[in-house]
Structure formats: structure tokens, C-alpha cells
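What follows is a single structure, and I will ask about it in a moment.
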Amino acid sequence: MSGNTFGKIFTLTTFGESHGEALGGIIDGCPSGITLDFNAIHRELQRRKPGQSAIVTQRKEEDEVQFLSGIYKGITTGTPIGFIVKNNGQKSDDYSEYETIFRPSHADYVYQQKYGVRDYRGGGRSSARETVSRVVAGAIAKQIIPNISITAFVSSVGPIFINKPYQDLDFSKIETNNVRCPDLETASKMEEKIKEIRKQGDTIGGTITCVIQNVPIGLGEPVFDKLQALLAQAMLSINAVKGFEYGSGFCGAQMKGSEHNDLYNHNGTTKTNLSGGIQGGISNGMDIYFRVAFKPVATLMQEQDYLTQDGKIITQKGKGRHDPCVVPRAVPIVEAMAALVIADLYLQQKAKSKY
Amino acid sequence: MSGNTFGKIFTLTTFGESHGEALGGIIDGCPSGITLDFNAIHRELQRRKPGQSAIVTQRKEEDEVQFLSGIYKGITTGTPIGFIVKNNGQKSDDYSEYETIFRPSHADYVYQQKYGVRDYRGGGRSSARETVSRVVAGAIAKQIIPNISITAFVSSVGPIFINKPYQDLDFSKIETNNVRCPDLETASKMEEKIKEIRKQGDTIGGTITCVIQNVPIGLGEPVFDKLQALLAQAMLSINAVKGFEYGSGFCGAQMKGSEHNDLYNHNGTTKTNLSGGIQGGISNGMDIYFRVAFKPVATLMQEQDYLTQDGKIITQKGKGRHDPCVVPRAVPIVEAMAALVIADLYLQQKAKSKY
Amino acid sequence: MSGNTFGKIFTLTTFGESHGEALGGIIDGCPSGITLDFNAIHRELQRRKPGQSAIVTQRKEEDEVQFLSGIYKGITTGTPIGFIVKNNGQKSDDYSEYETIFRPSHADYVYQQKYGVRDYRGGGRSSARETVSRVVAGAIAKQIIPNISITAFVSSVGPIFINKPYQDLDFSKIETNNVRCPDLETASKMEEKIKEIRKQGDTIGGTITCVIQNVPIGLGEPVFDKLQALLAQAMLSINAVKGFEYGSGFCGAQMKGSEHNDLYNHNGTTKTNLSGGIQGGISNGMDIYFRVAFKPVATLMQEQDYLTQDGKIITQKGKGRHDPCVVPRAVPIVEAMAALVIADLYLQQKAKSKY
Amino acid sequence: MSGNTFGKIFTLTTFGESHGEALGGIIDGCPSGITLDFNAIHRELQRRKPGQSAIVTQRKEEDEVQFLSGIYKGITTGTPIGFIVKNNGQKSDDYSEYETIFRPSHADYVYQQKYGVRDYRGGGRSSARETVSRVVAGAIAKQIIPNISITAFVSSVGPIFINKPYQDLDFSKIETNNVRCPDLETASKMEEKIKEIRKQGDTIGGTITCVIQNVPIGLGEPVFDKLQALLAQAMLSINAVKGFEYGSGFCGAQMKGSEHNDLYNHNGTTKTNLSGGIQGGISNGMDIYFRVAFKPVATLMQEQDYLTQDGKIITQKGKGRHDPCVVPRAVPIVEAMAALVIADLYLQQKAKSKY
């Protein structure tokens, strides 16, 4: 199987370049008989959309999904769900000069080396615009897992962190601010930071934390498709992601076993949850939580050195409309990828559970 | 495809429980005509083997691999390589009491919940002994990628870190000490720490850093099989791993774009390498480096609360011979999994490269 | 992987129902740098199109393919090729009565039983219209295998057979007649037969023979992905196909070894080719040839008994415009599926061949 | 996924050469909690074993399977089932001369061309001995599908056919004779034929018919994993198979729609079953039946021309102990492969069925 498919039973295959006619995908393996909530799908697309607030790119993308198959009278039929999202707002001429130059820390150079040819407009296939298809599929994936709750939020922007465990946060506040941070005081500091960075023509990284609640016990397929292994693959497949940790994460590496072990309650739940809801690669019914690191956006509104195809270095300033901080817009993408992992493992477990 | 297979062209499927008759696997898709270096395979198994030094478990495992097919007169034939590693040193009676109790932060409970039945001896399938098959396959994978160099080492034990970039380390020192740390001063502090922890009947976590050199440009299959995404899956599939970061990693999330971007040299290499050798999911020819976090071993030689199958909490002390710190022995496992990822992507790139 | 994907490296995933907005697919794993011959793709679609002659359905389908990604300035970029074919000519109201009745020897009943819900218009997903996506992908697959020649033709209609080995036929005559039979005398008998059958409001089956020439030695992946095994899967996945045989086929089962063995020439070719170009699952460089059996179309322009959803039997006559014999139109579909098999195995062999 | 794995959820990966130390495989995805009937597994191996009667090869193979994992106290644990079958009775020196010569209609030549190196002893990987692993896995697969009945028998040997529909046969007679033909009169003619052929130092082909009863409605995953498409792949992956047909098969290609359509009864069953229990790629609850053609064994006890590695033709007589007719021994292999197909589709349907 080639690299544009994710999942084994509930699968998503995507296609599309930033400035092609459309992006889209095929969801195969979606169970039949599900009355889809199209508003929920639309809502997720709106959350991912550029141009939502003063701190993100002002580029306009319509991002209306068009379903072409697999759904009849609003109900999934069990056949593959084909969908497209048209690229209306793109201006190709903005990018023509990128045919022969390679931007630093972009994929331009490696695509040229790997494929010998590339659609250089707006990053082509390597553009984060590709994630629009993941958001569509994730929004459907969420609807096949009963009672699941998947919530992501911005937990840091540059040096500014939320200093509370997720249990002390009010998730209903996430969508009330531009950075999608549930701690409002921190949120406003983050927003200030992003504005300051943008004034400098610079960009900044950040982290997203994701919490998955009401996960049935038993999801995950050891030894290679452990739940955390698939979450890690899913997250690292998102543009600009540099790291993943779950439960105690990198902090756990500094701890002693006597501090780290989660002791049981009588009913099989645990008193603490440094394990992050997963043991031996299998969900244990506790909250799953993980953190994802995003590097700063590579396109700067400052002068930088670029490489040309004939081996010269030229100095240039980034063009177009870009996010100074991509992290707020990545929140629905993290949720979508988590949903794809859980949905697929949920169906696998259904297949093999005792009968 | 079920969860015990890794890879798409060069694939490893493993089987085996800690206390069954044997563990093993099948490597399918290995190119023909490769004269195998069996000493190299043996050496890797020795590195993973328990009982190598005073700071690791004194449990004895022979760990001799027996190849059953796919190799004729020392040369790979292109047919599947079946192999087994017998479980000689196991004493099953040590574990009989674990039939009805669940150890904290072990996989006992979730296996029972997921499968309804389990081989409880020594962790069964969830035992780290399963990684012996990965080491065999990794040692073969390394031999199919020309010039590749994959080097892992212990970069922290609990609070003790190497405070140097990997470029300043002498990799030839890694195997000269029990903790597999190339910085000898730090190594001896780590060793002290582990001894101290063992005296307490406790355990401790740590991190491993891995550096892959001489990687051809162009490996990685966007968008879901990005090189870093598969490395992340591979690492998080190893027992006790809690986190993965590559290049700038979580630190990158605190940086500005103007600090983080890697500027080009005329020949396409970069002056810095915060990208960690990967752009847009594809190797760019620079060193790939990443870091993996391991939690402390869950079995303690102290009293702890265990859950029984009928919902009681009992107090007990761990039995058997266990590592106070698993990280030194995990070094060859990290290398093996990295080799599996690179070998598979190398063959995929061969398939699709221009002809 | 769910059931709408074919192939392992060069993969096709399809979606679409007969009367939905569009059908289409994603080709993933196509090598980059191929200058596509779009006329060749168009030509194949025209061959599959209904309404081409007096003996096939007069239903009109435009069948224009629209490529959405993976191709830039006419050259493949190595990224997934998304494409759609719109359903313009469909009239949904023709089919509304099929919501609650099941036609004999159609998929209506099993789709209802399997999925609980179905798009009943025109057969929905089970319609042969789905093969339009295969023809698009097959036309691209042919272009990645150097020098390959894949030629299918109608070798029988009902009781009327070509009584010559394929070596005695002039393939350039295939497209000169409505039944796509290279033997013109037989072709006109077949055409008469089909006209006669149509007058009766009946339908008739037939066979297609396919010959693949200039296949490199070494394609096929034993033991389960033998070349003939994948061809068999590919052919049996086409609507209405009931059988597959290659080389000596079912006749071979009546022969003695001394009659059946193909003796070698000095250069490794064989004097005879009862093996059909494949030994042990691997192409041997001789012509590959196979035969595919199609049942008669199930929709009759006569009265027949139908089952209703509430268990009644009603008598009714088929509606719409249907082929009395589907075999001539299936010729390009057989070729397309053969091309998909060969292209995928060709890339697999490239991956694993010695370097 | 490489070519030695079959299935998507219930998967079998096999390894092993004819004269290596052992053959074996890994069954992954087998549900947990199944109390295995080991006698049933043993019985199937006995049926496949050489040397069972006067009409098959007198070569001795012990064919004892040894399970290494995935089963604890006789119950499947849901973890991969590793198994081996040792090659005890092989004498390698018998085959040493085959290093540099290629037997006609054997896989020797193509293996040499594809892989550049081969284990030439007894056919190596291309030997039918490989099917021993399939029989083990098939015997387990049968045990996970409730009530299923899979029965294969020899329906023709050379020109001698059973001239009755399968419904008129007494399946309990299959194992009462050496050719595994339920019609005893035909059986004795077949046996005579095989003895006559053996006296000539020749071999002969034949066909096997397989009937699958009590299949749940709804198995099969259109469009590429249609039930008949996977059965076809499975059958054509067996050594010496040249053709597959199901239901009306090649005869159906000569029929009219008015003769071929299966009319419904009120309860959804059909009055006739030319469809062979499958519509649109999905089981409809009626009997599934299909027929498989086997070519005559290529090794003859007569003089024949062989090709040498340096391009000479030499005359030689086959050596070793070989079946004059392989068809009786292939009966359990056909059943095993059918069981693998059904088991995998059964689990896939469980995954996606409504909840």
C-alpha cells in the first residue's frame, strides 16, 4: 500500500495539491447505516479554515466539501465515500517564481530530488492544505465510535505554556478565543505573543494537547499497531510536527518506577494516570492524553537566503499570506487524526472480539 | 493486515510469548543475492541479551537465532526468511501466581480485558522479550542499505543527561561501558544512579538518542508514511516508550522561524540541521537524529498494590530478575526498528524511482 | 485494507455509484516523470462507453475523465492521481421502483442484506458503470511498463467460438467490428446471434481472450501473489465474470504430462507454451494468455419474477437500456485490469531486484 | 505487503523451502478464546501427506505441526500463532545435480532469472510442500466460522469425469477411496487411469470441485475483494492450478439470460443456483461451489529434454518419488484455501456490520 492511505479497515486515501483543481479523498470501510451529521463535518472544516481571526493567515479558502458517493439520503451505505474540496481561492501566479528556487526548511528541495518534477505552486502536495481531507474524514470517523470525546487545544505558544493539568481546564472555553487555549489568561498572553511575532515578520512554534475520553477498553493491536504507535504515526504525519509524547511522556523518562506506576482501584480503574490511558499498546479505559510539538512556520516575512536550482544563494522575503503561528488552526487536524486512529482500531476490535 | 507485521515491502511479522517454546518471525521482501554477515546478527542479539552486566537483569537468555528458510549457502534467496529463537532459560512456575492478579502499569489487565484469556507467564506477548525478533530482522535490514550507519546510545538516565550535541560525542565509546553512553563521565554517573536505584528496589527511566548517517536523499512516502511518521510508529511500538522527537523536537516548539530555519549551502546541504535530516517527510541527506523516552520499568523489588481478578487489592513485591533500568538494553532495539523503517522506504523508493 | 483498493505499490482505489454525482478513484504509487498520453486514456474510455454500436446499449454516458491532482503540465509528479468521471446522463426516476424489489441474479438482495441500506438506482455500487474508473487507471498503468502489449478480444458469444489459436489471428481487426472479434467471419456470426437474442428480449454470455506480450521475465510474487493468482482475482472482480483460465486452462486438466510440458530452446524460451507464459507464479518471457467467462446480462426485456422486500413474488419486465451481450464492451476492462496487475508486479520487482 | 501473506484480518504468512530445516507460518488476527480441535488439524495434515496410497508418491513426510505461540492451554489467545513443520524425510543429495539444470515446466528457470540464486533442492520454495502451512492455517480457519461446511473432492482425472451434479453425490464416500471421488464407480475408473499412467512413466491432470455450505449471507467486499475474486486468487495460488470457475462457470458463457437467472423463492433463497451462491461479489446464503483445474505433474519417469545453465539441451529421466496425479492430495489444500478466504471475509463483515 502506498503512502497516501491511512488505516486498515476504516481507511482514508487522500489526493490533491495546494493549487490543483481540487483536493479530496476516499473513505473506505465506513460501516453502513450511519445517519451523518453534516453540520459537524462543516463545523470542523470551518475550524481548520484559514482567515478565521486576526492572528492567522488572511488567505481565503472556501473549504466546502462535496460528497460524491457512499452516502444515500444522508445515510452511509457501506460503499466508499468519495469527496472533493475545490481550490477556489488560489492564485497560481503568486508562486510562479518558486519553480526554480528552494525555500529554506520547506519540502521544495526534497520533492525535486525525490520525484524529479513537482507542482511548485504553494507547496503542491506538501502544503498543509492537504489536511483538509483529513478533517473531513476525521469528522466522519468520530461519528462511528459511540460516546467518544476527542478534544484538542493549544497548550503552548513559543515559551508561553498552560501551567495546569488538563483536568483543571474548562474545555468549553477552547473555542472562545483565537488561539484555542482553554485557559483564558494564558490565551491572551499567547495572542499577544503571536501578534508581536507577526510584527517582526517572524513565526513561532507551539504545542497541542489532546484528550480522548470514553474510549472502550481493548483498542490497540500489539505489537506494531499499539494504540500509541498509531497515534504517533498519525501525529508525525501532520505538517510541521516534530514530536509526540503520551501520558507522562518525556517527563516519565526522569521518574522512578515507584513514582510512575498507576495503582489500581477495585474496579480496574487507576488512581493516577501517568500511563495516559494505554497499557501494553491497548486502551485501559482511562483518559488518553498526548502532546504534539509543532515547529515554527518556515515562511517568514523577513529576508532569508534561498537556494536556486543552479546552486546559487539568493536573498528574498516570503510572499503570500501565511500564519505566524500554525498551532491554533492545527487543533482540528490533531483531533481528526486521533479520530481516524480510534475508529480504525475500534472496527478491528469488533472484528476479533469473541462471538 | 493485522498488527504483528511491520513494513510494506521489506516486512517483518513476529510471533511468540515470553515463556512459550520459541519466539520468531518471518522477514518477507528481502532482496535476493545478499551475502549475510551472521556475526553482525549475532552481535546485535548479544547486545540485547539480558545478563550482560551488573546493572541489568541477571536473567539468562541464550538468544541464539535459528534461520529456517530464505537463505541458502549464506545468501538470501528472495524467499521469506523464517527464524526462531528458543526460550530455554524460562521457568514457568515463577509466574503461576500471576494468573489471577494484575500488576500495576503492566499489560496484564488490558490483555485480560481485550482477549478474555492470556498467557500470563512473564508477560506473555507483552513481554519485552518479543523484541528479540526485531533485533534479528533489524540486523538483516541494515545489510541491505548501502553505507548506512545507524547509531543509538543512552542520552539520559533519570535526571542525568549528556550535555553535548551528538556531533561532539565519540560513538566508539558507546560499547565501552555498561550504560551505552558515549560520554564516559556521564556514563559513570548514570551507572552510579542505576546502582543506587537498584538498592532501593526501584527502577528508573531514561532516553535514547539515535543518529542515522549516510541516508540517501528521497526516502519517505508522504503524506501518511512520512519518514518521521514511520520512525515514530516504530519507536512507540517498543515496550515502555512514552515519547519521540526528531530534529529540534519539543524544543523546536519554543523557537521562532528565524531561529529554526536551516539555510542552504550551495550544494543543497544545510548550514544547520534543526530539521533533523527530514523535510516534508522525505530524507534530505543530512543526518537524521531523534530521541526516544522510556518510562521506568514497572516491576519493582518493593511492595506495591496489585489488583486481583475478583477485584481485591493485595500488597506484594515483584519477583524474578528485572532490569532496574531498561534503557541500555533498548539501544539495539531502537537501532533495529530504525533499520526496518529505512530498509522498507529504501525499497519503496527503488520501486518508484525513474527508470 | 478495505475492498475498494487493488494493488500494493501501484494502487487503485475507486468510489462511486451508477447514479451518484460522479465516480472516480485515486491512483497512488505511480512513478513520477511520466509524460502521459491522454489520447490513449480517452480512447480506452471510448471503447468502454455504452452506445457505440447497434448491438450494445443505447444508453448515453459521456465518460470524460477529469484529473484533479498528481499530474502537472502533463507529467506525473509521483503524488496521488485523483480523478472523477461525472454521471451526466442518468435519470434517477427510472429506477425509483427498485427501492423495494429485488431483480433476479442482480446484487440488489445481497446489498440490502449486507449493508441494510443501498443506493438502488441503477444498481448503485454494483453497477458495471464502476468499471469506468478501472479503465482510466489501466490506461495509465499501461504507460509505465516499457514495450508491454496487452490485447483482449471476444473469443466466443454464446455457442459461437473462434476456432483458431490466437497466433493465427490478426489483432488489427479487433476494432473493425462491433463485437471486437479479430476473426471477421466469426465476428459477423456473433453479431447476428446478438441481434437475434435482442429481438427475443433475451441476453447472452461469452468469453474474452487476453494476450500479454513483451512481459519481462520475473514478474509475480510467490506464493500468494503469483502472477496468475492476481490475474484471476482481477478478472473475477469484474461484474458478470464466472471463470478464468490461463495457458492450457481446463483443457490442461485432461492432458498427460508428456503432452503438456513445454520443452526449452537453447535460449530459455520454450517450443510450446501450454504454461501460458507463467511458471511457478512468475512470468517466463513467453506470451501470457488467458480466457475469461462472462455470464449473460441479468436484466431481460421479457417478463420475469422479482422478489419484493416484503417477501412477495411479482412479475415484471426489465426497464432501461441494457446490453443484450456485455462482452464486447468488457474488452477494454479486461485489458485495464491486466495492466493494473502487471504494473504493480513490475514495480514490486523493481524494488527487490538486485542492486 | 509482500507476496507470502494471504488475508487482511485473519492473515497467514508462510515461509519454508522443500529441503530446508522446516516450513511454517504465522497466523495473525485469529480471534481469542477458541478451544482448538487439534485432531482436526492433524487429520487435515494426514490427508495432504504423501505416501497415503498406492496411487500417490511413496515419499515419506512426517508432517507434524508444532505450535510455538498464540495458544495457551489449548485456547487461542488472540496473539499470533507461530508454527513449524519440520522437514525430516528429505535427502538433499538426491537433488544436487539440479543446481545447473532446468526441468521443463518447472519453476527452476524463472526462479533463477528472478532471484539470481535459488535453493534448487526439490523445487525449494516452489515445491508443493509449501502447502503444508496452508493446510495447518486452513484447519484453524474452519474452526472460527460457525457451522460452515467446506467439502472438496476430485471431479475429474484426465478424461474421466463425474457425470452428476454435486447434489446427487454422497460426500461421506470421499474419503473411502484413494482418489477422493464420492462417486465410487467413477473413482475406480480414475484409479485405473492413474495406475495406467504411472506405468507409462507419465502423469495426468484433473479437476477438484469444492462446495461450501452454511455460509452466512453478506460475505465479500466489493469491488476488488469480491468473494469469487478472492477464491480465484486463493485457488490460482496453489501449485499446478490452471483455471477456476464458480457457479455456471464457463458453461454460463454459452447460456441465455432467460436460462441463467436464478428466480427467487419468497424467503430470498433461489429456485436454481447457477450463480453459485454469490451475487455481486457477496454470498447470498445458497451453496457456494466452484471447480479448479490442475495440470499434470511436470516431473516424468520418462526421458525428457532439460535446459542447462550454459544453454545446452540434455536428455534425462525424472528422479525421486512423485505423484502420477497430484489431484487427490490437493483436495485438503483447496479446502484450506477456501477456509482462509471465508474466515477473513467473515471477520471483515463482523467489523463493519451495523452495531
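Just so it is clear, A, B, C and D label the chains in written order, and each chain counts residues from 1 on its own.
We take it that a residue touches a chain if its C-beta (ideal position, glycine included) is under 8 Å from a C-beta of that chain, and two chains touch if they have at least 3 such contacts.
In UniProt terms the chains read A, B, C, D = Chorismate synthase.
Just so it is clear, the structure is predicted and the values come from calculations on it, not from any experiment.
Ranked by distance of CA centroids from chain A, the top chain is D. For the interfaces B-C and C-D, the C-beta contact count is higher for C-D.
Centre-to-centre spacing of chain C and chain D amounts to 26 Å, using the average Cα coordinate of each chain. Distance from the chain A centre to the chain C centre is 39 Å, each centre being the mean of its Cα atoms.
With each centre defined as the average position of its C-alpha atoms, the distance from chain B to chain C rounds to 46 Å. Chain C has residues 1-5, 8-9, 14, 29, 32-33, 78-79, 114, 116, 125, 222, 348, 354 in contact with two or more other chains. Of all residues in chain A, those touching chain D in their complex are 1, 8-9, 29, 31-33, 78-79, 146, 222, 347-348, 350-355.
Those residues of chain D lying in contact with chain B across their complex are 1-5, 8-11, 13-17, 20-26, 28-29, 32-33, 66, 68-70, 72, 75-82, 84, 114-119, 124-125. Across the interface of their complex, chain C is touched by residues 1-6, 8, 14, 102, 104-107, 109-111, 113-114, 116, 125-126, 130, 156, 158-159, 197, 200, 202-207, 217-218, 220-226, 228-237, 239, 241-250, 252-264, 266-268, 270, 274-276, 279-284, 293-300, 302, 304-307, 311-313, 348-349, 354 of chain D.
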